[in-house]
Amino acid sequence: MQLTPKVKEILSWYESDNPGTKANLARILMQGKLGGTGRMVILPVDQGFEHGPARSFAPNPAAYDPHYHFQLAIEAGLNAYAAPLGMIEAGAATYAGCVPTILKVNSANSLSTSKDQAVTGSVADALRLGCSAIGFTIYPGSEDQYAMMEELRELAEEAKAAGLAVVVWSYPRGGFLDKTAETALDICAYAAHMAALLGAHIIKVKPPTAAISLEAAKKTYEKHPVEVNDPVARIRHVVQACFNGRRLVVFSGGEAKETGGILEEVKAIHAGGGNGSIIGRNTFQRPKAEALKLLDDIIAIYRSPPAR
Amino acid sequence: MQLTPKVKEILSWYESDNPGTKANLARILMQGKLGGTGRMVILPVDQGFEHGPARSFAPNPAAYDPHYHFQLAIEAGLNAYAAPLGMIEAGAATYAGCVPTILKVNSANSLSTSKDQAVTGSVADALRLGCSAIGFTIYPGSEDQYAMMEELRELAEEAKAAGLAVVVWSYPRGGFLDKTAETALDICAYAAHMAALLGAHIIKVKPPTAAISLEAAKKTYEKHPVEVNDPVARIRHVVQACFNGRRLVVFSGGEAKETGGILEEVKAIHAGGGNGSIIGRNTFQRPKAEALKLLDDIIAIYRSPPAR
Amino acid sequence: MQLTPKVKEILSWYESDNPGTKANLARILMQGKLGGTGRMVILPVDQGFEHGPARSFAPNPAAYDPHYHFQLAIEAGLNAYAAPLGMIEAGAATYAGCVPTILKVNSANSLSTSKDQAVTGSVADALRLGCSAIGFTIYPGSEDQYAMMEELRELAEEAKAAGLAVVVWSYPRGGFLDKTAETALDICAYAAHMAALLGAHIIKVKPPTAAISLEAAKKTYEKHPVEVNDPVARIRHVVQACFNGRRLVVFSGGEAKETGGILEEVKAIHAGGGNGSIIGRNTFQRPKAEALKLLDDIIAIYRSPPAR
Amino acid sequence: MQLTPKVKEILSWYESDNPGTKANLARILMQGKLGGTGRMVILPVDQGFEHGPARSFAPNPAAYDPHYHFQLAIEAGLNAYAAPLGMIEAGAATYAGCVPTILKVNSANSLSTSKDQAVTGSVADALRLGCSAIGFTIYPGSEDQYAMMEELRELAEEAKAAGLAVVVWSYPRGGFLDKTAETALDICAYAAHMAALLGAHIIKVKPPTAAISLEAAKKTYEKHPVEVNDPVARIRHVVQACFNGRRLVVFSGGEAKETGGILEEVKAIHAGGGNGSIIGRNTFQRPKAEALKLLDDIIAIYRSPPAR
Amino acid sequence: MQLTPKVKEILSWYESDNPGTKANLARILMQGKLGGTGRMVILPVDQGFEHGPARSFAPNPAAYDPHYHFQLAIEAGLNAYAAPLGMIEAGAATYAGCVPTILKVNSANSLSTSKDQAVTGSVADALRLGCSAIGFTIYPGSEDQYAMMEELRELAEEAKAAGLAVVVWSYPRGGFLDKTAETALDICAYAAHMAALLGAHIIKVKPPTAAISLEAAKKTYEKHPVEVNDPVARIRHVVQACFNGRRLVVFSGGEAKETGGILEEVKAIHAGGGNGSIIGRNTFQRPKAEALKLLDDIIAIYRSPPAR
């Protein structure tokens, strides 16, 4: 297999990483229907932990079975499948070598009153399960954010030495951040940038809204305006925050929504130079045929020539 | 000894585990009167730690002696016996090889004002005592839940490498959960699902009630209703939450109650596809002959052909 | 030297322990004037740490000298001598091989506002000082109880592997426990039981009072009454809580008191099946001749035929 | 499962071992058609390593498949199956929990010109593969014997701490020992005794011949004669050398021979108080039906009442 | 990507391995033009170490450049590329993710007078370089064979825990083996069998000749004859020695030879059920176009329907 020029270019950005980590990034980038384009669609299934099984899987009960998600990711031709320890353990042998996996090594749940997560997996787990990367969530803004960043630092250091990639979910939350702030453009760009600074290879954030939330940042945005009402410009701003595009950034789908809304968002990500989508509930909560159709439509957008 | 097709099927679900862990699961599943059926009855004796010796053993003073419980588990033909360090140490040599043991490696007590547990045993202890598994309690919802999950993660990783199985007691407690919430159907299914995600081989939960407790979950249950008033449907829902049945789930007997009530509960577990009962106080607090009779009746239910 | 049948029986209860630990238990049990009877009198001198030197030793200034206590234990024909690191270091060579020693490896002091103790000795210390056992205090009920139990777990695992015995001081304290609760019968039995569950070879508790303190336990004690006003019945209940007598339990003398009161307590311990006394202040705060007389009287009681 | 009095007695001989090791000995002793009798038949398949695959398996090509041997041991109702790493790895999951396995952790081969063996397995391997014991060969008399004994010491110490049993193949060889000496009665008894002294739980030797080979020993045997021409007396003498029967000793079948000869040998082992046979080539080199018949006949002898 | 039924079957043979190792085996087996067939062609370039650079690369000077070999393996559509540390380091980043690599972790050279190899790479190296497997040579028969096997044991245990596969070059050599013996059928089958017993996932041997060399084996081969003059039968015999086909076995190309001879050998490997070729000098010592043509022809043979 030869890498495409696009993937070679992307790997060149990770110039401090060892070939093992590059190979795992290449595996993710060369996999599936978007293989070689520099764009990715990743299936994350950590909602069972975050929201409970029924809220996650009752809309499509086949999804209670961990094998379902491996199969969905493979059939849809996605780039990778991300999930917590138990979900990966339950299918990693059956689907060995079929799709790159990302072991989500920390997890929160809806019964918690804190803004932290439990570390629930290790680099050794990722290696024995054949994963290509570890995934870790930080909550910039929360009381526990520094402790979370320190856990990430340790795990990322170990992962990189073992040739794994590091995917960081960067979700502003807690402290003085209100609901609006959590997805405000300035905060989102800030969160993405911190993930990059923490050494993430792939950054996951929520699509930013038009709000500018941090008081101290408003003056800057007034002086150097971003067209906040243009979703494409907003994505472009987040990409900029990811080392001007030198780090891969993918956007979550968020709560289940209408197909039209999802595709509009994807078009903006694509046009704005984002590297793809990490989309869970919007896929596995639909009947499989519908999910495959939606994923095909998303992939088609990412395969179309970039406008920029 | 040949494994039954049912046990072979169950072992195939644990596809990431080494043969040592599979052998210990097989030992538990092939033991006693339910050996080979895929159903289990386990005797847990950690109530002395949780509630004190008198509340645990005064109703049947013979049970103050640790040998009593080994003997009860063996005579009744149970699948395994679970207890904290001292209880296992006091009988492990006399009953070496007679019944699989589960070393309960964390413990709480009634003098505590916190919602945590102390780690009171290790994987090295489990190996030197000839145990087949370690047991660990998490309290999803409590302030200390993430710390507990992290302790479990470390112990489970070590246990699996050494060929032991991991049994997780998942008991929602603390935080914003009231008494009703602790056994509500949605919370119980959630707790079971988290144990599975944390890599448990066998999950222990309390039988769920008809309540739906988490505000955020109510909409889902309205849209995708579970027949909450049917105990069989409730068990089935918990089984679904355990990776659609790919992880073994057993139900605690809870507080001492009438024989009739216990057997009704067991019938529902059986009909709903649960893998069995882990039943302590309701057995060792009765005179031995009565306990053996009750256990025989429970086993007879689990041996009857499943209705589903 | 042949072991007596009584000591052989006691050693048989420690069926999971290696011969090294058994030999150290045998050394303690075969030592002194009670050697071979299964009863013990142990001299503990950790009061200097707990209450300061003057409160401990001013009544009998000879006791400021660590050699004094070794000498006292040897002359009185006691089973063992227990003290913190410095006290043992100051006499262990002079009295090498003369009396079994127990290295108290954690200690509290009166200047502390917490209900915790500092770990002040190690298993390596115990080995280099020729000790037969380590001693460790837990405070069931205190905020720090789980941390203390986890420290004990680690030290006990290491001690047992090195062939040492483990003596646990189990003193309920803190949290919702008031002064009455600390020595209430139910709480005392509970504390002894937890020490047994944590893997103690010898358990030390305070003599229980007639109080029943834990609200949740009262119903049990009403239904299964203990003659709380009979000190012998109270001791018997604590012995029961120590695995029905399968673990050695000794009782502290508590605060300095009249000789008559002490002897009455000892008679109850003896009649109730307790394994002896661990008695410090009531001995070393008296002139040596008086102390030796008192110890002789205590030993005489333990040597008399058991009534039960 | 209750242990038989015979197995309880045998376990009582291993008084320094932890309950984990006792449980694994119990598993071997309670397994199969001889379960509970104190006698054993073990299937060893290390001949592929020792003599090459064709010399081992060509007579019965089905035996090239590692599953064949697991299946043979199970169908014949044997006590355990012993083999090197690769043979165990190739079947340990399929046959998890079906028959106790012994990981042979060192191996020699016919291409070697030395009298040593390579260490080819570890205690960690034994744990992850669910084995009950490790097996190790020493060559008393060879140039490398002390190095081999030192390897055994290290592995045995680790195995015992992890609750595994230790089986020692003690085969005199090399140095000044000629072919006759290798199986001479005095040398065989000596080899068995050294294995016992090295801490073996189960000792494997070759059936001794009538020769007395060590010059220095001849005087003793003249003064205290053994009826060397009676095979039963020879076995009895080897049993004596195994701590007067306090250590289990089994005898190898040696080179393939006629059924009659094998059964005569087994009768002598049985009558002389040996604990059984470890018999490889004479079973797996025959068609399966014949092998099962032979093993049934051997088992029948061991099940008959002992004459002594 | 879905695995083919053939690859699924092969993975099922590795029943003790974790999903990481299975994924790496799958990567190798699903790669290139033979992907999914269960057959492999692997490019090994350790001749520079073994024979010096000029003897290795002068015939085709482009091959002095490490990138040349990565490129050759990729363009030819091979399954994997194997080389020592420096060769992998020099290209692993450029070709990250393009072809599975096997880090050869021990190496010999022509300046040595011993029959040993130096360990020149580690599992950590393999992980940081993104390799799918480690490769290790043993010399059964040599004076150092046991030391080599012990090195392999340690490295293989570590590699398997980290999810890597283990490829063993098993080359009889030294001791009493003459040139004929090194490739004699019986010795070759023996060498392959030992690699399997040592826990190899993929075994590499030289194609066997018609000789039977080990004196002790001749009787067996007379009694259970192999058609030694039929190369297909010889391959089939070696496959049998690899756990009756449960372990993958590939054959080296050996010394540079005529195209016709190579293809005949490949046809025999194919017809005899061998899993492929590991062919170095015969490819990289030719001009690239010729090498690609030869590899295409070899692949075409392996892609043709198996005759057996």
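For this structure, a couple of remarks:
Every chain is named by a letter (A, B, C, D and E) in the order it is written, and numbering of its residues begins at 1.
What we mean here is this: a residue touches a chain if its C-beta (ideal position, glycine included) is under 8 Å from a C-beta of that chain, and two chains touch if they have at least 3 such contacts.
On a predicted model such as this, the values are computed, not experimentally measured, just so you know.
Chain pair with the larger contact count among C-D and B-C is B-C, by C-beta pairs in contact. Inter-chain spacing, taken between the CA centroids of chain D and chain E, is 36 Å.
Look at where the CA atoms of chain A average out and do the same for chain C: the two points lie 58 Å apart. If you average the Cα atoms of chain A and of chain D, the two centres end up 57 Å apart. For chain A, the set of residues touching two or more other chains reads 92-93, 124, 128-129. An unclassified topology is adopted by the chain contact network, corresponding to no line, ring, star or complete arrangement. Contact residues on chain C toward chain D in their complex (touch as defined above): 15-16, 18-19, 161. Residues of chain D touching chain E in their complex: 48-49, 51-55, 57-59, 61, 64-66, 84-94, 107, 109-114, 116-122, 124-125, 128-129. Of all the residues in chain E, the ones that touch chain A in their complex are 1-3, 11, 18-27, 29-31, 74, 89, 92-93, 96-99, 124, 127-131, 161-163.
Against chain A, the residues of chain B that register as touching in their complex are 13-17, 140-141, 143, 145-147, 149-150, 153, 157, 172, 175-177, 186-187, 189-190, 192-194, 196-200, 214, 216-217, 220-221, 223-224, 226, 237, 240-241, 243-244, 246-247.
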